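Letters A, B, C and D name the chains as they come in the text, with residue numbers starting at 1 for each one.
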Amino acid sequence: MSALSPEETAWAAADAMWATDYASKALGMEIIDVGPGSAILSMVVRDDMANGHGMAHGGFIFTLADSAFAYACNAYDLITVAAHCSITFIAPAKRGDKLVARAREISRVGRSGIYDVQISVGDAVIAEFRGGSRQIGGSFIEGKQINA
Amino acid sequence: MSALSPEETAWAAADAMWATDYASKALGMEIIDVGPGSAILSMVVRDDMANGHGMAHGGFIFTLADSAFAYACNAYDLITVAAHCSITFIAPAKRGDKLVARAREISRVGRSGIYDVQISVGDAVIAEFRGGSRQIGGSFIEGKQINA
Amino acid sequence: MSALSPEETAWAAADAMWATDYASKALGMEIIDVGPGSAILSMVVRDDMANGHGMAHGGFIFTLADSAFAYACNAYDLITVAAHCSITFIAPAKRGDKLVARAREISRVGRSGIYDVQISVGDAVIAEFRGGSRQIGGSFIEGKQINA
Amino acid sequence: MSALSPEETAWAAADAMWATDYASKALGMEIIDVGPGSAILSMVVRDDMANGHGMAHGGFIFTLADSAFAYACNAYDLITVAAHCSITFIAPAKRGDKLVARAREISRVGRSGIYDVQISVGDAVIAEFRGGSRQIGGSFIEGKQINA
(Lines give C-alpha, C1' and ligand atoms only; values in the text may rest on other atoms or scores of the structure.)
Protein backbone atom coordinates (compact mmCIF):
# COMPACT_ATOMS: atom_id res chain seq x y z
CA MET A 1 0.00 0.00 0.00
CA SER A 2 1.02 3.61 -0.36
CA ALA A 3 2.57 5.04 2.77
CA LEU A 4 0.17 6.82 5.10
CA SER A 5 1.07 10.11 6.79
CA PRO A 6 1.17 10.04 10.61
CA GLU A 7 -2.25 11.73 10.67
CA GLU A 8 -3.71 9.24 8.19
CA THR A 9 -2.26 6.36 10.19
CA ALA A 10 -3.83 7.74 13.38
CA TRP A 11 -7.25 7.96 11.71
CA ALA A 12 -6.93 4.53 10.09
CA ALA A 13 -6.05 2.95 13.44
CA ALA A 14 -8.89 4.84 15.15
CA ASP A 15 -11.41 3.72 12.52
CA ALA A 16 -10.33 0.10 12.91
CA MET A 17 -10.55 0.28 16.72
CA TRP A 18 -13.88 2.11 16.69
CA ALA A 19 -15.51 -0.56 14.51
CA THR A 20 -15.52 -2.96 17.44
CA ASP A 21 -15.35 -0.53 20.38
CA TYR A 22 -18.86 -1.38 21.52
CA ALA A 23 -18.18 0.01 24.99
CA SER A 24 -17.30 3.53 23.89
CA LYS A 25 -20.17 3.56 21.38
CA ALA A 26 -22.70 2.38 23.98
CA LEU A 27 -21.69 5.28 26.22
CA GLY A 28 -22.35 7.75 23.40
CA MET A 29 -18.72 8.80 22.96
CA GLU A 30 -17.63 10.65 19.82
CA ILE A 31 -14.14 10.92 18.40
CA ILE A 32 -13.53 14.62 17.70
CA ASP A 33 -9.93 14.34 16.60
CA VAL A 34 -6.96 11.98 16.58
CA GLY A 35 -3.32 12.46 15.64
CA PRO A 36 0.06 10.87 16.35
CA GLY A 37 -0.06 10.38 20.15
CA SER A 38 -3.16 12.49 20.65
CA ALA A 39 -6.95 12.16 20.69
CA ILE A 40 -9.98 14.21 21.65
CA LEU A 41 -13.22 12.44 22.60
CA SER A 42 -16.51 13.74 23.96
CA MET A 43 -19.40 12.22 25.94
CA VAL A 44 -22.57 13.65 27.43
CA VAL A 45 -23.38 12.67 31.05
CA ARG A 46 -26.58 10.65 30.77
CA ASP A 47 -29.10 9.98 33.54
CA ASP A 48 -27.79 6.43 33.89
CA MET A 49 -24.25 7.75 34.47
CA ALA A 50 -25.30 9.85 37.44
CA ASN A 51 -25.99 9.37 41.11
CA GLY A 52 -28.99 10.67 43.00
CA HIS A 53 -27.57 14.17 43.23
CA GLY A 54 -27.39 14.32 39.42
CA MET A 55 -23.58 14.17 39.47
CA ALA A 56 -21.57 11.92 37.16
CA HIS A 57 -20.20 8.71 38.68
CA GLY A 58 -16.41 9.07 38.60
CA GLY A 59 -16.14 5.77 36.78
CA PHE A 60 -17.68 7.23 33.63
CA ILE A 61 -15.33 10.22 33.70
CA PHE A 62 -12.47 7.73 33.98
CA THR A 63 -13.90 5.62 31.15
CA LEU A 64 -14.02 8.57 28.75
CA ALA A 65 -10.43 9.47 29.67
CA ASP A 66 -9.35 5.86 29.27
CA SER A 67 -10.85 5.74 25.77
CA ALA A 68 -9.11 8.97 24.78
CA PHE A 69 -5.87 7.49 26.15
CA ALA A 70 -6.43 4.33 24.09
CA TYR A 71 -6.98 6.21 20.82
CA ALA A 72 -3.92 8.39 21.49
CA CYS A 73 -1.51 5.59 22.35
CA ASN A 74 -2.67 3.35 19.48
CA ALA A 75 -2.40 6.14 16.90
CA TYR A 76 0.88 4.77 15.57
CA ASP A 77 -0.95 1.55 14.64
CA LEU A 78 1.17 -0.46 17.06
CA ILE A 79 -1.23 -2.27 19.36
CA THR A 80 -0.84 -0.85 22.84
CA VAL A 81 -2.68 -1.47 26.11
CA ALA A 82 -3.15 0.41 29.36
CA ALA A 83 -0.93 -0.83 32.17
CA HIS A 84 -1.51 1.72 34.90
CA CYS A 85 -3.83 4.72 35.15
CA SER A 86 -4.48 7.39 37.75
CA ILE A 87 -7.08 10.11 37.97
CA THR A 88 -7.56 13.13 40.20
CA PHE A 89 -11.10 14.44 40.47
CA ILE A 90 -11.12 18.24 40.58
CA ALA A 91 -14.76 19.26 40.21
CA PRO A 92 -18.02 17.35 39.76
CA ALA A 93 -19.80 17.03 36.42
CA LYS A 94 -23.59 17.00 36.32
CA ARG A 95 -26.24 15.31 34.24
CA GLY A 96 -26.35 16.74 30.72
CA ASP A 97 -22.79 18.13 30.81
CA LYS A 98 -20.73 17.50 27.69
CA LEU A 99 -17.38 16.12 28.83
CA VAL A 100 -14.40 16.59 26.52
CA ALA A 101 -11.25 14.51 27.07
CA ARG A 102 -8.02 15.69 25.46
CA ALA A 103 -5.20 13.13 25.46
CA ARG A 104 -1.62 14.04 24.67
CA GLU A 105 1.64 12.13 24.74
CA ILE A 106 4.10 12.95 27.49
CA SER A 107 6.67 10.26 26.81
CA ARG A 108 7.22 7.28 24.51
CA VAL A 109 10.40 5.29 25.01
CA GLY A 110 10.79 1.71 23.83
CA ARG A 111 7.46 -0.04 24.34
CA SER A 112 6.30 2.18 27.21
CA GLY A 113 4.44 5.47 27.02
CA ILE A 114 2.86 8.06 29.29
CA TYR A 115 -0.24 9.99 28.24
CA ASP A 116 -2.05 12.79 30.04
CA VAL A 117 -5.74 13.37 29.56
CA GLN A 118 -7.53 16.51 30.71
CA ILE A 119 -11.29 16.20 31.10
CA SER A 120 -13.28 19.40 30.98
CA VAL A 121 -16.78 20.83 30.63
CA GLY A 122 -16.51 24.07 28.70
CA ASP A 123 -13.66 25.97 30.31
CA ALA A 124 -13.84 24.11 33.62
CA VAL A 125 -11.41 21.27 34.26
CA ILE A 126 -13.20 18.30 35.82
CA ALA A 127 -10.38 15.79 36.20
CA GLU A 128 -6.78 15.06 35.25
CA PHE A 129 -5.86 11.52 34.14
CA ARG A 130 -2.44 9.99 33.52
CA GLY A 131 -2.00 6.65 31.83
CA GLY A 132 0.99 4.38 31.35
CA SER A 133 0.87 2.23 28.23
CA ARG A 134 2.65 -0.84 26.99
CA GLN A 135 2.97 -1.81 23.36
CA ILE A 136 2.21 -5.49 22.86
CA GLY A 137 2.74 -5.84 19.12
CA GLY A 138 0.38 -6.18 16.19
CA SER A 139 -1.38 -3.73 13.91
CA PHE A 140 -4.98 -2.58 13.52
CA ILE A 141 -4.66 -1.53 9.90
CA GLU A 142 -2.83 -4.59 8.63
CA GLY A 143 -5.25 -6.83 10.50
CA LYS A 144 -8.09 -5.03 8.78
CA GLN A 145 -6.53 -5.40 5.36
CA ILE A 146 -6.03 -9.08 5.84
CA ASN A 147 -9.71 -9.43 6.62
CA ALA A 148 -10.74 -7.34 3.62
CA MET B 1 -32.78 7.02 67.31
CA SER B 2 -31.35 3.91 68.88
CA ALA B 3 -27.65 3.52 68.26
CA LEU B 4 -26.70 1.40 65.26
CA SER B 5 -23.79 -1.03 65.36
CA PRO B 6 -20.93 -0.30 62.93
CA GLU B 7 -22.25 -3.05 60.66
CA GLU B 8 -25.80 -1.70 60.79
CA THR B 9 -24.51 1.81 60.06
CA ALA B 10 -22.60 0.50 57.04
CA TRP B 11 -25.71 -1.18 55.65
CA ALA B 12 -27.95 1.81 56.38
CA ALA B 13 -25.53 4.13 54.57
CA ALA B 14 -25.24 1.67 51.68
CA ASP B 15 -29.02 1.38 51.35
CA ALA B 16 -29.39 5.16 51.30
CA MET B 17 -26.65 5.53 48.67
CA TRP B 18 -27.96 2.68 46.56
CA ALA B 19 -31.43 4.19 46.32
CA THR B 20 -30.14 6.89 43.99
CA ASP B 21 -27.02 5.19 42.60
CA TYR B 22 -28.50 4.94 39.11
CA ALA B 23 -25.05 4.48 37.57
CA SER B 24 -24.11 1.35 39.53
CA LYS B 25 -27.59 -0.09 39.05
CA ALA B 26 -27.56 0.52 35.30
CA LEU B 27 -24.30 -1.43 35.05
CA GLY B 28 -25.87 -4.39 36.83
CA MET B 29 -23.74 -4.16 39.96
CA GLU B 30 -24.75 -5.99 43.13
CA ILE B 31 -23.70 -5.25 46.69
CA ILE B 32 -22.55 -8.53 48.18
CA ASP B 33 -21.37 -7.20 51.54
CA VAL B 34 -20.53 -3.97 53.34
CA GLY B 35 -18.96 -3.29 56.72
CA PRO B 36 -17.04 -0.53 58.46
CA GLY B 37 -14.51 0.54 55.83
CA SER B 38 -15.16 -2.42 53.54
CA ALA B 39 -17.44 -3.46 50.68
CA ILE B 40 -17.75 -6.26 48.15
CA LEU B 41 -19.55 -5.62 44.85
CA SER B 42 -19.96 -7.75 41.74
CA MET B 43 -20.72 -7.04 38.08
CA VAL B 44 -20.93 -9.25 34.98
CA VAL B 45 -19.09 -8.03 31.86
CA ARG B 46 -21.87 -7.34 29.36
CA ASP B 47 -21.53 -7.15 25.58
CA ASP B 48 -21.77 -3.37 25.72
CA MET B 49 -18.84 -3.22 28.16
CA ALA B 50 -16.52 -5.04 25.79
CA ASN B 51 -14.39 -4.24 22.78
CA GLY B 52 -14.29 -6.22 19.56
CA HIS B 53 -12.06 -8.89 21.04
CA GLY B 54 -14.67 -9.59 23.71
CA MET B 55 -12.50 -8.08 26.44
CA ALA B 56 -13.83 -5.68 29.06
CA HIS B 57 -13.05 -1.99 28.55
CA GLY B 58 -10.82 -0.98 31.46
CA GLY B 59 -13.16 1.85 32.30
CA PHE B 60 -15.84 -0.58 33.47
CA ILE B 61 -13.39 -2.48 35.65
CA PHE B 62 -12.42 0.88 37.17
CA THR B 63 -16.07 1.85 37.62
CA LEU B 64 -16.84 -1.32 39.59
CA ALA B 65 -13.79 -0.72 41.79
CA ASP B 66 -14.74 2.92 42.25
CA SER B 67 -18.23 1.91 43.41
CA ALA B 68 -16.81 -0.61 45.88
CA PHE B 69 -14.46 2.12 47.13
CA ALA B 70 -17.42 4.51 47.54
CA TYR B 71 -19.47 2.03 49.59
CA ALA B 72 -16.44 1.22 51.77
CA CYS B 73 -15.41 4.80 52.53
CA ASN B 74 -18.99 5.97 53.16
CA ALA B 75 -19.74 3.07 55.51
CA TYR B 76 -19.31 5.26 58.61
CA ASP B 77 -22.20 7.43 57.32
CA LEU B 78 -19.90 10.44 56.97
CA ILE B 79 -20.23 11.63 53.39
CA THR B 80 -16.95 11.04 51.63
CA VAL B 81 -15.83 11.50 48.02
CA ALA B 82 -13.04 10.15 45.86
CA ALA B 83 -10.13 12.55 45.44
CA HIS B 84 -7.56 10.44 43.64
CA CYS B 85 -7.65 6.90 42.26
CA SER B 86 -5.16 4.66 40.53
CA ILE B 87 -5.53 1.26 38.92
CA THR B 88 -3.09 -1.32 37.61
CA PHE B 89 -4.46 -3.73 35.03
CA ILE B 90 -3.04 -7.23 35.56
CA ALA B 91 -5.05 -9.51 33.29
CA PRO B 92 -7.92 -8.99 30.87
CA ALA B 93 -11.54 -9.88 31.70
CA LYS B 94 -13.79 -11.20 28.97
CA ARG B 95 -17.46 -10.93 28.10
CA GLY B 96 -19.59 -12.86 30.56
CA ASP B 97 -17.00 -12.88 33.34
CA LYS B 98 -18.32 -12.08 36.81
CA LEU B 99 -16.05 -9.44 38.31
CA VAL B 100 -15.86 -9.22 42.09
CA ALA B 101 -14.38 -6.09 43.72
CA ARG B 102 -13.29 -6.29 47.35
CA ALA B 103 -12.57 -2.93 49.01
CA ARG B 104 -10.77 -2.62 52.32
CA GLU B 105 -9.52 0.30 54.35
CA ILE B 106 -5.78 0.87 54.50
CA SER B 107 -5.75 4.15 56.40
CA ARG B 108 -8.19 6.72 57.82
CA VAL B 109 -6.70 9.75 59.51
CA GLY B 110 -8.60 13.00 59.97
CA ARG B 111 -10.78 13.51 56.90
CA SER B 112 -8.55 11.53 54.52
CA GLY B 113 -8.60 7.82 53.82
CA ILE B 114 -6.91 5.23 51.61
CA TYR B 115 -8.78 2.18 50.33
CA ASP B 116 -7.50 -0.73 48.27
CA VAL B 117 -9.77 -2.67 45.95
CA GLN B 118 -8.85 -6.00 44.40
CA ILE B 119 -10.84 -6.98 41.32
CA SER B 120 -10.95 -10.66 40.46
CA VAL B 121 -12.70 -13.27 38.35
CA GLY B 122 -12.83 -16.47 40.34
CA ASP B 123 -9.32 -16.95 41.72
CA ALA B 124 -7.64 -14.75 39.10
CA VAL B 125 -6.79 -11.17 40.00
CA ILE B 126 -7.71 -8.81 37.16
CA ALA B 127 -6.71 -5.44 38.59
CA GLU B 128 -5.59 -3.64 41.74
CA PHE B 129 -7.13 -0.25 42.55
CA ARG B 130 -6.16 2.28 45.24
CA GLY B 131 -8.37 5.23 46.11
CA GLY B 132 -7.78 8.30 48.25
CA SER B 133 -10.92 9.71 49.85
CA ARG B 134 -11.87 12.99 51.46
CA GLN B 135 -14.72 13.37 53.95
CA ILE B 136 -16.83 16.42 53.08
CA GLY B 137 -19.38 16.32 55.87
CA GLY B 138 -23.03 15.30 56.04
CA SER B 139 -24.86 12.02 56.62
CA PHE B 140 -26.81 9.63 54.41
CA ILE B 141 -28.94 8.18 57.20
CA GLU B 142 -29.87 11.46 58.87
CA GLY B 143 -30.62 13.01 55.50
CA LYS B 144 -32.94 10.12 54.79
CA GLN B 145 -34.69 10.45 58.13
CA ILE B 146 -35.28 14.15 57.58
CA ASN B 147 -36.96 13.34 54.28
CA ALA B 148 -39.06 10.57 55.87
CA MET C 1 4.95 46.66 52.25
CA SER C 2 4.90 47.46 48.56
CA ALA C 3 3.10 44.85 46.51
CA LEU C 4 5.33 42.16 44.97
CA SER C 5 4.83 40.95 41.42
CA PRO C 6 3.97 37.23 41.03
CA GLU C 7 7.59 36.57 40.05
CA GLU C 8 8.94 38.50 43.03
CA THR C 9 6.55 36.65 45.34
CA ALA C 10 7.73 33.31 43.95
CA TRP C 11 11.37 34.22 44.58
CA ALA C 12 10.68 35.64 48.04
CA ALA C 13 8.84 32.46 49.02
CA ALA C 14 11.62 30.31 47.55
CA ASP C 15 14.30 32.27 49.43
CA ALA C 16 12.41 31.86 52.70
CA MET C 17 11.93 28.11 52.14
CA TRP C 18 15.51 27.57 51.01
CA ALA C 19 16.92 29.15 54.18
CA THR C 20 15.85 26.12 56.20
CA ASP C 21 15.63 23.47 53.47
CA TYR C 22 18.59 21.53 54.85
CA ALA C 23 17.55 18.39 52.98
CA SER C 24 17.67 19.90 49.49
CA LYS C 25 20.92 21.73 50.32
CA ALA C 26 22.58 18.59 51.66
CA LEU C 27 21.79 16.81 48.38
CA GLY C 28 23.50 19.58 46.42
CA MET C 29 20.34 20.86 44.72
CA GLU C 30 20.29 24.28 43.08
CA ILE C 31 17.30 26.45 42.29
CA ILE C 32 17.63 27.49 38.64
CA ASP C 33 14.33 29.32 38.34
CA VAL C 34 11.00 29.83 40.07
CA GLY C 35 7.81 31.54 38.99
CA PRO C 36 4.10 31.44 39.80
CA GLY C 37 3.36 27.70 39.90
CA SER C 38 6.67 26.69 38.37
CA ALA C 39 10.22 25.82 39.43
CA ILE C 40 13.38 24.37 37.90
CA LEU C 41 15.92 22.64 40.16
CA SER C 42 19.08 20.69 39.38
CA MET C 43 21.14 18.06 41.22
CA VAL C 44 24.19 16.02 40.25
CA VAL C 45 24.05 12.25 40.96
CA ARG C 46 26.76 11.71 43.60
CA ASP C 47 28.48 8.45 44.45
CA ASP C 48 26.40 8.15 47.61
CA MET C 49 23.18 8.41 45.57
CA ALA C 50 24.07 5.44 43.39
CA ASN C 51 23.91 1.69 43.59
CA GLY C 52 26.71 -0.69 42.70
CA HIS C 53 26.04 -0.38 39.00
CA GLY C 54 26.62 3.37 39.21
CA MET C 55 22.94 4.11 38.62
CA ALA C 56 20.99 6.64 40.66
CA HIS C 57 18.69 5.24 43.36
CA GLY C 58 15.15 6.15 42.29
CA GLY C 59 14.54 7.74 45.66
CA PHE C 60 16.95 10.59 44.87
CA ILE C 61 15.31 11.23 41.50
CA PHE C 62 11.99 11.40 43.34
CA THR C 63 13.45 13.70 45.99
CA LEU C 64 14.67 16.21 43.39
CA ALA C 65 11.24 16.14 41.72
CA ASP C 66 9.52 16.51 45.09
CA SER C 67 11.61 19.59 45.88
CA ALA C 68 10.83 21.16 42.50
CA PHE C 69 7.15 20.42 43.15
CA ALA C 70 7.40 22.08 46.58
CA TYR C 71 8.97 25.27 45.21
CA ALA C 72 6.37 25.42 42.43
CA CYS C 73 3.29 24.91 44.59
CA ASN C 74 4.49 27.31 47.32
CA ALA C 75 5.33 30.06 44.84
CA TYR C 76 2.15 31.99 45.68
CA ASP C 77 3.40 32.28 49.27
CA LEU C 78 0.46 30.22 50.54
CA ILE C 79 1.94 27.35 52.52
CA THR C 80 1.18 24.13 50.67
CA VAL C 81 2.18 20.50 51.27
CA ALA C 82 2.41 17.37 49.16
CA ALA C 83 -0.53 15.01 49.62
CA HIS C 84 0.05 12.40 46.96
CA CYS C 85 2.85 11.88 44.46
CA SER C 86 3.53 9.39 41.70
CA ILE C 87 6.56 8.82 39.53
CA THR C 88 7.23 6.75 36.43
CA PHE C 89 10.85 5.81 35.80
CA ILE C 90 11.65 5.95 32.09
CA ALA C 91 15.44 5.62 31.84
CA PRO C 92 18.24 5.22 34.39
CA ALA C 93 20.53 8.08 35.43
CA LYS C 94 24.15 7.37 36.19
CA ARG C 95 26.74 8.71 38.59
CA GLY C 96 27.81 12.22 37.62
CA ASP C 97 24.70 13.00 35.56
CA LYS C 98 23.21 16.42 36.12
CA LEU C 99 19.48 15.95 36.69
CA VAL C 100 17.18 18.85 35.90
CA ALA C 101 13.61 18.85 37.25
CA ARG C 102 11.08 21.18 35.66
CA ALA C 103 7.82 21.61 37.61
CA ARG C 104 4.74 23.22 36.13
CA GLU C 105 1.21 23.71 37.35
CA ILE C 106 -1.52 21.61 35.75
CA SER C 107 -4.42 22.63 37.94
CA ARG C 108 -5.13 24.79 41.01
CA VAL C 109 -8.69 24.84 42.28
CA GLY C 110 -9.60 25.83 45.81
CA ARG C 111 -6.88 24.50 48.12
CA SER C 112 -5.84 21.60 45.86
CA GLY C 113 -3.33 21.62 43.04
CA ILE C 114 -1.71 19.25 40.56
CA TYR C 115 1.87 19.76 39.39
CA ASP C 116 3.86 17.79 36.82
CA VAL C 117 7.61 17.51 37.02
CA GLN C 118 9.76 16.23 34.18
CA ILE C 119 13.22 15.03 35.18
CA SER C 120 15.84 14.95 32.45
CA VAL C 121 19.56 14.63 31.77
CA GLY C 122 20.38 16.80 28.79
CA ASP C 123 17.73 15.98 26.21
CA ALA C 124 16.87 12.58 27.68
CA VAL C 125 13.81 12.27 29.90
CA ILE C 126 14.59 10.16 32.97
CA ALA C 127 11.27 10.23 34.82
CA GLU C 128 7.86 11.86 34.94
CA PHE C 129 6.44 12.89 38.33
CA ARG C 130 2.96 14.12 39.23
CA GLY C 131 2.16 15.64 42.61
CA GLY C 132 -1.10 16.59 44.28
CA SER C 133 -0.82 19.46 46.75
CA ARG C 134 -2.98 20.82 49.53
CA GLN C 135 -2.77 24.39 50.82
CA ILE C 136 -2.72 24.44 54.63
CA GLY C 137 -2.58 28.19 55.27
CA GLY C 138 0.18 30.53 56.39
CA SER C 139 2.85 32.54 54.59
CA PHE C 140 6.62 32.25 54.22
CA ILE C 141 7.24 35.92 53.53
CA GLU C 142 5.11 37.34 56.30
CA GLY C 143 6.61 34.91 58.76
CA LYS C 144 10.05 36.09 57.69
CA GLN C 145 9.14 39.74 58.05
CA ILE C 146 7.84 39.20 61.54
CA ASN C 147 11.17 37.70 62.49
CA ALA C 148 13.08 40.56 60.87
CA MET D 1 24.97 -25.36 44.34
CA SER D 2 22.58 -26.84 46.85
CA ALA D 3 19.05 -25.51 46.53
CA LEU D 4 18.23 -22.55 48.75
CA SER D 5 14.91 -22.21 50.54
CA PRO D 6 12.80 -19.18 49.55
CA GLU D 7 13.92 -17.43 52.76
CA GLU D 8 17.58 -18.21 52.09
CA THR D 9 17.23 -16.99 48.52
CA ALA D 10 15.69 -13.74 49.76
CA TRP D 11 18.59 -13.17 52.17
CA ALA D 12 21.21 -14.14 49.60
CA ALA D 13 19.75 -11.70 47.08
CA ALA D 14 19.51 -8.99 49.74
CA ASP D 15 23.13 -9.51 50.79
CA ALA D 16 24.29 -9.26 47.18
CA MET D 17 22.26 -6.09 46.58
CA TRP D 18 23.30 -4.50 49.87
CA ALA D 19 27.00 -4.90 49.09
CA THR D 20 26.78 -2.18 46.47
CA ASP D 21 23.71 -0.27 47.67
CA TYR D 22 25.75 2.79 48.60
CA ALA D 23 22.65 5.00 48.56
CA SER D 24 20.70 3.07 51.19
CA LYS D 25 23.83 2.69 53.34
CA ALA D 26 24.65 6.40 53.17
CA LEU D 27 21.15 7.19 54.44
CA GLY D 28 21.68 4.93 57.44
CA MET D 29 19.09 2.33 56.44
CA GLU D 30 19.07 -1.08 58.06
CA ILE D 31 17.52 -4.28 56.75
CA ILE D 32 15.43 -5.73 59.55
CA ASP D 33 13.96 -8.63 57.63
CA VAL D 34 13.49 -10.01 54.13
CA GLY D 35 11.48 -12.92 52.78
CA PRO D 36 9.90 -14.01 49.51
CA GLY D 37 8.19 -10.83 48.28
CA SER D 38 8.62 -8.96 51.56
CA ALA D 39 11.13 -6.72 53.32
CA ILE D 40 11.32 -4.52 56.41
CA LEU D 41 13.82 -1.65 56.50
CA SER D 42 14.37 1.16 59.00
CA MET D 43 15.95 4.62 58.87
CA VAL D 44 16.29 7.42 61.40
CA VAL D 45 15.38 10.95 60.21
CA ARG D 46 18.66 12.87 60.36
CA ASP D 47 19.11 16.63 60.54
CA ASP D 48 20.12 16.69 56.88
CA MET D 49 16.86 14.95 55.90
CA ALA D 50 14.71 17.64 57.49
CA ASN D 51 13.43 21.07 56.64
CA GLY D 52 13.54 24.11 58.89
CA HIS D 53 10.56 22.93 60.90
CA GLY D 54 12.39 19.74 61.78
CA MET D 55 10.10 17.65 59.58
CA ALA D 56 11.39 14.96 57.22
CA HIS D 57 11.52 15.88 53.52
CA GLY D 58 9.02 13.60 51.79
CA GLY D 59 11.72 12.47 49.38
CA PHE D 60 13.55 10.59 52.14
CA ILE D 61 10.37 8.86 53.27
CA PHE D 62 9.86 7.81 49.65
CA THR D 63 13.47 6.67 49.37
CA LEU D 64 13.17 4.37 52.38
CA ALA D 65 9.94 2.92 50.96
CA ASP D 66 11.54 2.52 47.54
CA SER D 67 14.43 0.57 49.06
CA ALA D 68 12.06 -1.71 50.97
CA PHE D 69 10.16 -2.24 47.71
CA ALA D 70 13.41 -3.10 45.92
CA TYR D 71 14.46 -5.70 48.51
CA ALA D 72 10.97 -7.24 48.46
CA CYS D 73 10.59 -7.51 44.69
CA ASN D 74 14.14 -8.81 44.17
CA ALA D 75 13.81 -11.47 46.87
CA TYR D 76 13.27 -14.23 44.31
CA ASP D 77 16.73 -13.45 42.89
CA LEU D 78 15.25 -12.39 39.57
CA ILE D 79 16.51 -8.89 38.86
CA THR D 80 13.57 -6.52 39.01
CA VAL D 81 13.29 -2.74 38.75
CA ALA D 82 10.75 -0.13 39.77
CA ALA D 83 8.56 1.05 36.91
CA HIS D 84 5.99 3.20 38.65
CA CYS D 85 5.60 4.28 42.27
CA SER D 86 3.07 6.35 44.17
CA ILE D 87 3.00 7.60 47.74
CA THR D 88 0.37 9.23 49.92
CA PHE D 89 1.67 11.27 52.82
CA ILE D 90 -0.53 10.81 55.88
CA ALA D 91 1.34 12.43 58.77
CA PRO D 92 4.67 14.22 59.08
CA ALA D 93 7.78 12.58 60.56
CA LYS D 94 10.19 14.68 62.59
CA ARG D 95 13.93 14.77 63.14
CA GLY D 96 15.08 11.78 65.17
CA ASP D 97 12.06 9.60 64.36
CA LYS D 98 12.82 6.00 63.45
CA LEU D 99 10.92 5.21 60.28
CA VAL D 100 10.05 1.57 59.59
CA ALA D 101 9.00 0.53 56.07
CA ARG D 102 7.20 -2.80 55.65
CA ALA D 103 6.90 -4.02 52.06
CA ARG D 104 4.61 -6.84 51.03
CA GLU D 105 3.65 -8.36 47.72
CA ILE D 106 0.15 -7.67 46.41
CA SER D 107 0.46 -9.28 43.01
CA ARG D 108 3.06 -11.01 40.84
CA VAL D 109 1.97 -12.12 37.39
CA GLY D 110 4.39 -12.75 34.55
CA ARG D 111 7.17 -10.17 34.82
CA SER D 112 5.07 -7.53 36.57
CA GLY D 113 4.46 -7.11 40.29
CA ILE D 114 2.72 -4.78 42.72
CA TYR D 115 4.12 -4.14 46.19
CA ASP D 116 2.67 -2.06 49.01
CA VAL D 117 4.88 -0.43 51.60
CA GLN D 118 3.58 1.04 54.83
CA ILE D 119 5.87 3.55 56.53
CA SER D 120 5.35 4.11 60.23
CA VAL D 121 6.90 5.62 63.35
CA GLY D 122 5.96 3.42 66.27
CA ASP D 123 2.23 2.79 65.89
CA ALA D 124 1.59 5.86 63.72
CA VAL D 125 1.35 5.40 59.96
CA ILE D 126 3.30 8.14 58.16
CA ALA D 127 2.78 7.20 54.54
CA GLU D 128 1.47 4.49 52.21
CA PHE D 129 3.52 3.61 49.11
CA ARG D 130 2.61 1.38 46.16
CA GLY D 131 5.17 0.26 43.61
CA GLY D 132 4.86 -1.48 40.28
CA SER D 133 7.85 -3.62 39.33
CA ARG D 134 9.16 -5.16 36.15
CA GLN D 135 11.49 -8.14 36.05
CA ILE D 136 14.32 -7.53 33.59
CA GLY D 137 16.20 -10.81 33.86
CA GLY D 138 19.44 -11.80 35.54
CA SER D 139 20.39 -12.98 39.03
CA PHE D 140 22.18 -11.40 41.97
CA ILE D 141 23.38 -14.65 43.47
CA GLU D 142 24.65 -16.26 40.30
CA GLY D 143 26.31 -13.03 39.26
CA LYS D 144 28.10 -12.97 42.57
CA GLN D 145 29.24 -16.56 42.22
CA ILE D 146 30.61 -15.92 38.76
CA ASN D 147 32.68 -13.06 40.12
CA ALA D 148 33.89 -15.13 43.08
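To be clear about the criterion, a residue touches a chain if its C-beta (ideal position, glycine included) is under 8 Å from a C-beta of that chain, and two chains touch if they have at least 3 such contacts.
Note that the structure is predicted; figures quoted are calculated from it, not measured.
Counting C-beta pairs in contact across B-C and across A-B shows that the higher total falls to A-B.
Placing every chain at the mean of its C-alpha atoms, the farthest one from chain C is found to be B. Rounded to whole angstrom, the centroid-to-centroid distance between chain B and chain C, based on C-alpha atoms, equals 35 Å.
Inter-chain spacing, taken between the CA centroids of chain A and chain B, is 24 Å.
Across the assembly, chain B contributes 83-84, 86, 88, 112, 132 as residues in contact with two or more other chains. Interface residues of chain B facing chain D in the complex, by the touch rule stated above, are 86, 88, 90-91, 106-107, 109, 112, 114, 116, 118, 125, 128, 130, 132.
Against chain D, in their complex, chain C makes its touches with residues 17, 19-24, 26, 47-53, 56-60, 62-64, 66-67, 81-89.
Across the interface of their complex, chain D is touched by residues 83-84, 86, 112, 132 of chain A.
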